[in-house]
Every structure is written in structure tokens, then in C-alpha cells.
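Below: the structure, in C-alpha cells.
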Amino acid sequence: MSNGAINRPESGWRSRLHEIIFESDTRAGRIFNIILSLAIVLSVIAVLLDSVHSIRDRFGTLLFIIEWFFTILFTVEYILRLLSLRQPRRYAVSFFGIVDLLAIVPTYFSLIFPGAMYFLSFRILRLLRIFRVLKLSEYLRDAQIIVNALLASRRKIGVFLLTVLLLSVIMGSLIYVVEGEQNGYTSIPTSIYWAIVTMTTVGYGDLAPQTPLGKMLASVIMILGYAIIAVPTGIVTVEMSRSQIRRVSTQACPDCGAEGHDPDARFCKYCGGVL
Amino acid sequence: MSNGAINRPESGWRSRLHEIIFESDTRAGRIFNIILSLAIVLSVIAVLLDSVHSIRDRFGTLLFIIEWFFTILFTVEYILRLLSLRQPRRYAVSFFGIVDLLAIVPTYFSLIFPGAMYFLSFRILRLLRIFRVLKLSEYLRDAQIIVNALLASRRKIGVFLLTVLLLSVIMGSLIYVVEGEQNGYTSIPTSIYWAIVTMTTVGYGDLAPQTPLGKMLASVIMILGYAIIAVPTGIVTVEMSRSQIRRVSTQACPDCGAEGHDPDARFCKYCGGVL
Amino acid sequence: MSNGAINRPESGWRSRLHEIIFESDTRAGRIFNIILSLAIVLSVIAVLLDSVHSIRDRFGTLLFIIEWFFTILFTVEYILRLLSLRQPRRYAVSFFGIVDLLAIVPTYFSLIFPGAMYFLSFRILRLLRIFRVLKLSEYLRDAQIIVNALLASRRKIGVFLLTVLLLSVIMGSLIYVVEGEQNGYTSIPTSIYWAIVTMTTVGYGDLAPQTPLGKMLASVIMILGYAIIAVPTGIVTVEMSRSQIRRVSTQACPDCGAEGHDPDARFCKYCGGVL
Amino acid sequence: MSNGAINRPESGWRSRLHEIIFESDTRAGRIFNIILSLAIVLSVIAVLLDSVHSIRDRFGTLLFIIEWFFTILFTVEYILRLLSLRQPRRYAVSFFGIVDLLAIVPTYFSLIFPGAMYFLSFRILRLLRIFRVLKLSEYLRDAQIIVNALLASRRKIGVFLLTVLLLSVIMGSLIYVVEGEQNGYTSIPTSIYWAIVTMTTVGYGDLAPQTPLGKMLASVIMILGYAIIAVPTGIVTVEMSRSQIRRVSTQACPDCGAEGHDPDARFCKYCGGVL
């Protein structure tokens, strides 16, 4: 995310362009980025509306024009972004560089494959930049805490997901044998899909056990799913609490050496010495 | 909520009226507020029953009379509330002032738009006042702890909700392309609705993937939704535990008056004075 | 639960009977209670099977005999329980006394109201006694921790449930106005039921929004329900963690007065003095 | 899991074979185990595909050959495992010994009972070994934390599950009486199944209450299920946090050798010796 900052050119029109597009310290930059955010939201709404039959029938041409208008706008913006950087390649392969590119290519692709246009809703990912651009630093920090907690628990979550997957495969195979094709469980993959639907407590009901044995097995899966939701919750809660509770100062008392002072402490709470 | 208390007139009939309507320290005030709470519950039940065909067919006239009876009662009460305050405008724009108004206007509106009457069930919000009025201070404090935890984590919850929304838009667009209109995913907005139904593990089943690829994508969304429920849970748990576990000493520093010392502190962490 | 213990007669056949029925310290008492538990499970299974058409058609008479056999057995046992106590009334109005009575009366009632028999499945509550009777003290203690955490957070859970109820009433009224009777939302009570089904993420799908506005409202309710599940979870987690983490000894060091020692500490960890 | 390590033969071809099959310290062992993992995944995919009608119709013979190829491969591997150990019986009755056997017998059984083949998907459990074999020690440790937390809370979870079961039986009986057979609740076992579907918030919708009283009862069950999910979550979270937050000092007492001292301890809490 700080890609733009490091990659900043030193002076001239490039520097000015960079300031407007990548930063929002100046008034021009702030206005540019707010307008850009609005344009993103509007263009995504246009894509969504375009997929609704009754609306496309009436406003199809208008939506078509809007779509191309925003695509050309974002294309120009993308080129300007590349031009404003000393090392455009670094931006182009960064997360936001790829998102910015994905926000325009579907329209061009749609000339060949009409369905491609619906991928334009990926544009909405561009909004993630909004926190940094609008200097919503408190939101950024809180988002960081969440991301850190998830990163810190990524291995545990991985182990959990693998367990859920193995359980789904086994439970899906069992229900396939128990219920059989006459009750809608037409194949093991379909049955695994059902096991996932059940274990995550989604429960569409497009497939539901019919036999007594199948219902007993389903009950076991449901209670299992209901109980193991506790595992990721426990993992994330513990990680979050760890990253937050430990907000103690790292400073030791120069007199008695005691540690664990609050960040706002100016005197040692054990010996009264100045910190 | 303490709006009434600050806004209290000093003496005379206004003060007396205020005491009865806004407080429940006196016997009259207590009786008034208990009767008012009962009236609210009864009037909401009347609205609910009025919407049931078989009941309206038989008791329609009775319910009509009851509805107008309570509306006039609450209107009189609303006017008395305004009269009993020195600054009625402050009350009128407060949360409970608006709720009290919303509890009566729908009946008058229903003279023009019959459907407006069903908004009368908003009256039930008036019950929120019950904790303060009946001096259920322990409930109030516990409610405050919950509200504080939610307020303290409002930014994190905001980030989480934005993420859920972005994921829904992207997943909805993907399933729309994968499943298509022949399987019920008639538009991207509808598909986004389905993605939300799936990610929150509600799973109505009015729409469910039919193709193998759609089922795989749905499985990913389900497991995602099943796992990320851990995030708000973790956020709120940590906030609640922080507000509760942090049992700071109630002792104020005799020198500088600072509070919020750790229970094991022997010296003030701000001025170094002996506690 | 310790009702039996306090109420114990001093000697004679009563004391002996009490020892067998209420306690399991003696071999006879242990055997009696294990057999009783088995009888409870068997009789409940008989009730369940009796409700299945195909089984009742074939084994109806057998199940009828079994049902009466167990009912007479439990009736004799109930009378013996009353006889073995000095203050039988105290037992009769206790939780287990009422459960024991409810476990037999439905059969007698079924002579008049055939449907009453299905309430016999309440017998299963008698199994709750099993932990105490079989001296599963570790389970008892853990159950106590859960119960304590729930009791300690009863007010917070009450506030939470009231909020869920108010939200359901309001959301149900809104969806009733938005979707209307032509889409299955035939009355406000039905719509409130739908709001509860949605907010708790159950999502039967017997009722689902059809209009775009209804789907938007449903999305809000779903995300709301998905997020506020965090509240009871946070409440209970914090209560449980509080009751468990605080397992420190209450003993202060006689030398330096330091507290917070582990329960198994024999020497002060700060000054080395004998505790 | 460390079964192989203890059971290791001292030298000769057995030792060499053991090194390759059970360990992955050597290059040969690493390659063997990676290929084995791939073979497991491939063979499970073959089983899943074989259950899909359209695929079996076209590639049935090929899948049949693949299935037997992997079965013979795993059979040879199983025999080699037995041969490479000094105490093969110990391996044969261990968790992974049984899983390895279950991964081959269904194919042989399928010669007599064709359906047996679908149990081959149990093979996927063999993947659990992958963490140890590939020396993913961090994953192993994190998995251990989860398993420990679940083990430590097994009694509490047991109490919780028993409660859920009792509630399901009682709620199922009640809804059976309330809704009756004309609304699909054809027997108490079916109604208990519905109660579990509802309480775990799965909500298939294959069965849903029709009467007002049934809907009220269902609402109670839903809110109950929605709230008590907090219990296992709280249990697991507290256990996890305890096992992680309790960062005991790694220092052993130089006098008595006792471990497990608090990080801030200066004296051994067992013998009073200076740490």
C-alpha cells in the first residue's frame, strides 16, 4: 500500500501528477481521490444495473455509454499512474496495480466475450484504497489489527480448514452410502457439497436427508459444525486479545528495573523513580 | 436519556408534571410509567393482531377503536411532555422525543395512507425507556457495558462490514457468471443477495447453485462466511474483556488527584507521590 | 440438588431406603441408580418409537405394555422417594421432585387425553441427576462453571434478548409493509417470525423476500444477525474467563504481604517467606 | 504419532526401509512421502469422480484400473510398513495403522459388496500424517494447541452437548404435540431431528412450523440456539487463551528443580530458594 510513497519522483510534472493521483495531502489530490472513489461506486452500480433485464431493456444504450465512459476514464487514469512513477513496473505488479488493471480490461474483453463485462464489479476492490487516501488513519490501524490477528493465526486457521475439509469428504461419503442416489445424493462430490452446506450451518435445503439413518448422521454433522465454529472464534479472539492487551510500555525503571509500565506512566509505579 | 433530568423545571405545576412523567422517584411517577409501559405493549399487540386477516375480519372495529384510543392517549402524553419542560425543543429532537412522536403520527397518516398504520409497531422502541424509569440500574449498567464495547469497536466492525460487502459484490458477480440466469441467478444484484444469504450462513435455499463449478464456489463462500464470523466475535469479546478485566484501583493520588492506577501500584504513575 | 442429603433420615429402614435411592455411596445405591438411569433411557426410547407410525402399527401393544411397566416402576420409585424422606414435601416441590412427578403423570393422563403420552419424553430430564449420583464430580464442577457464567451474565443476556426482540418486531413490520401479503408475508406476527428466522441465521426458506427492496432489507437483517451473535459470545466468554483465570490463592504473604500467589505455592514468590 | 520413531529398528535393510517410509530426514524419505501424499490425493479424487454418473459412464474402466492400481500400491506400502518395524503389531493397532488399513480394504470388499468402494474416501485421513512427515513443525505445534484446548474442555463440551441433546428431545416432543402429523412432524424422532436442525441454525426448511403456536415455539428454539452457541465458543476461547497467555518462565529452581514459575517470580514458590 505504501508502494506509491517510496516510488515517488523527485520533481517536475511527474512529481505534481504523483501528488495528485497517489497522495491526498494537497487539495487537488484530495479532490481527485474523492471524485475517483465516487466514479468507482457509480461505475459498479452501472454494471450491477446492466445485469438486470428490465433495466437493460430500457436503459441499455445509456448504461453501455456510461460503462465505456468510465472505462476510458480509468484507462487514462491508469496510464497517468504509470507515467507519474519512476518505476512503473513496481506499481504494475503490486496488489493495487493489478486491481487497477482488472478494473478496465473486462470492458475491452467484452468486445470479444460479452460475459467478461460482469467482472467489472471487481472494480469495487479499488475502494480499499480509500482508507489510506482519505487519511482515515484510525480505521487503517484498526484494519491492521484485524489483519495482524488473522495473519498471526493463519496456520491455526489452515489446520482448522483442513480438518473441516477432511470431515466434509468423510461425512459426504458416508451420507452418499446411507442416503443414496434415490434421495438426491447423486454423487460423492454433491454429497460433500451437502456436508459443507450442513457443517457451516448454511442449510439451503436443496438437499436434505430422507432416511432415519441419514437424519441421524446429519444431526451429528450439524452438532459438529455448531460446536467447531468455536475453534476459529477462539483462535481469532485469543490473537486479537494478545495484540491489544499488551499495550504496556517497553521502558524499564532506571532505578529499580521494574517493567510493565503503562504507556502514559512518567514515574515507576513500584519505586516512584522517574521513568 | 438524562435529557429529562437536566431539562427539569424548578417549581409549580410544571415541576409536578415533570416529576410524574419523566421520573419515577415519586409514587405517582412510578404508577404513571408502569401504566404507560403496559399501554405501549397493549397497543403494539393490537397493531400486530390487526394485521392478521382472520382477526381483523372479526374484531376489526374493536381494534380500530383501540388503536385510536391509544393514539389519542399517547398524543395527550406527548403534549404534556412538551409542556412540562422548559426547553421542549431539546426533548423533541432527542432520541426518545422522536420515538415518542413516531409512536403517534402513523395513525394520523393512516387516514390518508392506510398502510402507514403498520409503522405503529415502532412504538415498541418506547419500551427502551423502561430500564431508566424503573430504576433497574444494574440492567442499565450492563446495557452500558455492551453499548460501550460496541462503540469502542465500531471502527473495526465498520472495516469488517465493508469487507463483507466487497466480498459479497465480488462473489455475487462470480456466481452470476458461473451459474447464469437459467439457474435462477437472474441479475448481479440478486446474486449479491444470494452471496449475503450464503456468507451469513442464513441459507434460505430460494436460490442454490446447480452446476458443479457453482457448488464449488458456494462451498468457498460458505467456509469463508463460517470462518470470518470469528472476526466480529473476537473484536467484541476483546473489547468487553478489556472494559471488565481492567479493574483499576479506585484510589486517587493524594498529591495530583490522578486516578486509574493499577491495583498493585504503590506510587502515582503521573507525579511519583506515595499512594 | 443436595436436597436429598439435607433431608436424610437418621436411622431405620427409611435411612436404608434413602441411602439406596438418593445416594450412591453404597454398592446397592450405585446399582439402583445405574439401573434407574438405564430404565429412564429405555422408557424414553419406547416413547419415541411409539410415535413412529410404522413401528406403532407393528409393535403397538408391546410398546403400550412397556410404557405402563415403566410408569408403574417410576410411580413406585416416586412413592418410595417420598417415604424415605423426613420432609417429603420439600422434595416434592424441588426441581427434581417435579421432574420425577412429570415423568409419570402423562401416562395416567393419557387415559383421558391420548396426546398427553408424548410429554413422557420429559422423563429424559431425570438424567440430569446422573452426574451427581455417579459422583462425576469433575463434570459437576465444569457444569457449575458454565451455569455460573450464564447466571453471572443473565442480565446482559436479558438486555441482548430484549434488543433482538425489539429488532425483530421492527424489522418484521418493515418487511410486512415492503413485501406485503402477495409475497407470503400474510401478517405482522408471521413477518416477525420470519425476522427471527433470518436474524438467528436459521433461514428455513419457507418465506423469503421477492422484491428488490425486500431483499435489501433482508440483507441488512442478515448482516445484523451475523454481527450481533458476537455480543452473547463476548458476554459468556468474558464471564467464563473471569471465573477461571482468577484461580489464585487468597492468601497473603505473612512477611511482605504480597498477594496473588498460585494455589499450590508454599513460599512467597516475592520475598521467599513461608506462606 | 511418534509411534514410528520409538519403534525404529536399529540397522540393516529394515532400518533403511524405516527411514524412507516413516521419516523424511533423508532425501529418499522426503521424496517417498511427497509422492505418497500425491498418490493419496489422486486416488481419493478417482473415488469421487467414480461416483459421478456421467463420468463413470465414460471413464468407468479407466477409473476401475486406477482404483486397483492405487489399492495394490498402498497394500504393498502397508506390508512394507509392517516389515520395517520391530513391533509391527504396535503400528497395526495405532491410529495411523488402522487408517492405513482402512485405505485398502474397501477395494477388496467391493468385490463382494460394490458399495464398499465409496468408503475409500476415508483414505484422505492419511493426509493428516503430512504435517509430521514434511516437518511442518510450526503447523504441528499450532494443531497441538487446538487439540489441547479441545481436550482440556472435553468435559465442558460433553456437558454442553448433553444439554443440547436433552433440549432437542424436549423441544422435539413439544413441537410434535403442537404441530402434529398433518404439518409434516410425522413422529417424535423426526421432530427431534427438526429441533436439532433449528437449534444449530442450519434450517433446511424441509420441515417448518405452520401453526402460530408452532412458530412461537420455533422462535424460542431459534433464539435459544442462537444464544447458546456462545457457550462452546466461550469454553474453547478461554482454554486457548489460558494455554497461550500463561507464559510461565522457563527457569527451573536451582534448588528443587521445580518448573512453571511466573515470569516475575524471584523465589521458588515450592522451596523458597532464590531463582
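Some observations on this one:
Chains here go by letter, A, B, C and D, matching the order in which they are written, and residues are numbered from 1 within each.
In this section, a residue touches a chain if its C-beta (ideal position, glycine included) is under 8 Å from a C-beta of that chain, and two chains touch if they have at least 3 such contacts.
Quick caveat: nothing in here was measured; it's all calculated off a predicted structure.
Interface of chain A with chain B: the two copies contact each other largely through different residue positions, with under half of all numbers used appearing on both sides. Of the two chain pairs examined here, A-C and C-D, the one linked by more C-beta pairs in contact is C-D. Chain C and chain D, compared by their mean Cα positions, are separated by 28 Å.
Averaged C-alpha coordinates put the centre of chain A at 40 Å from the centre of chain C. Looking at chain A, one finds that residues 160, 189, 201-205, 225, 229, 233, 235, 237, 241 touch two or more other chains. If you sketch which chains touch which, every chain touches every other chain without exception.
Interface of chain D with chain B (complex): residues 201-205, 233, 237.
Chain C meets chain D in the complex at residues 44, 47-49, 51-53, 115, 118-119, 121-122, 124-125, 127-128, 138-139, 142-143, 145-146, 149-150, 157, 160-161, 164, 189-190, 193, 196-197, 199-206, 225, 229, 232-233, 235-237, 239-241, 244-245, 261-262, 264-274.
Contact residues of chain D toward chain C in the complex are 155-156, 158-160, 162, 166, 169-170, 172-173, 176-177, 186-189, 192, 198, 201-205, 208, 212, 215-216, 218-219, 222-223, 225-227, 229-231, 233-235, 237-238, 241-242, 261-262, 264-274.
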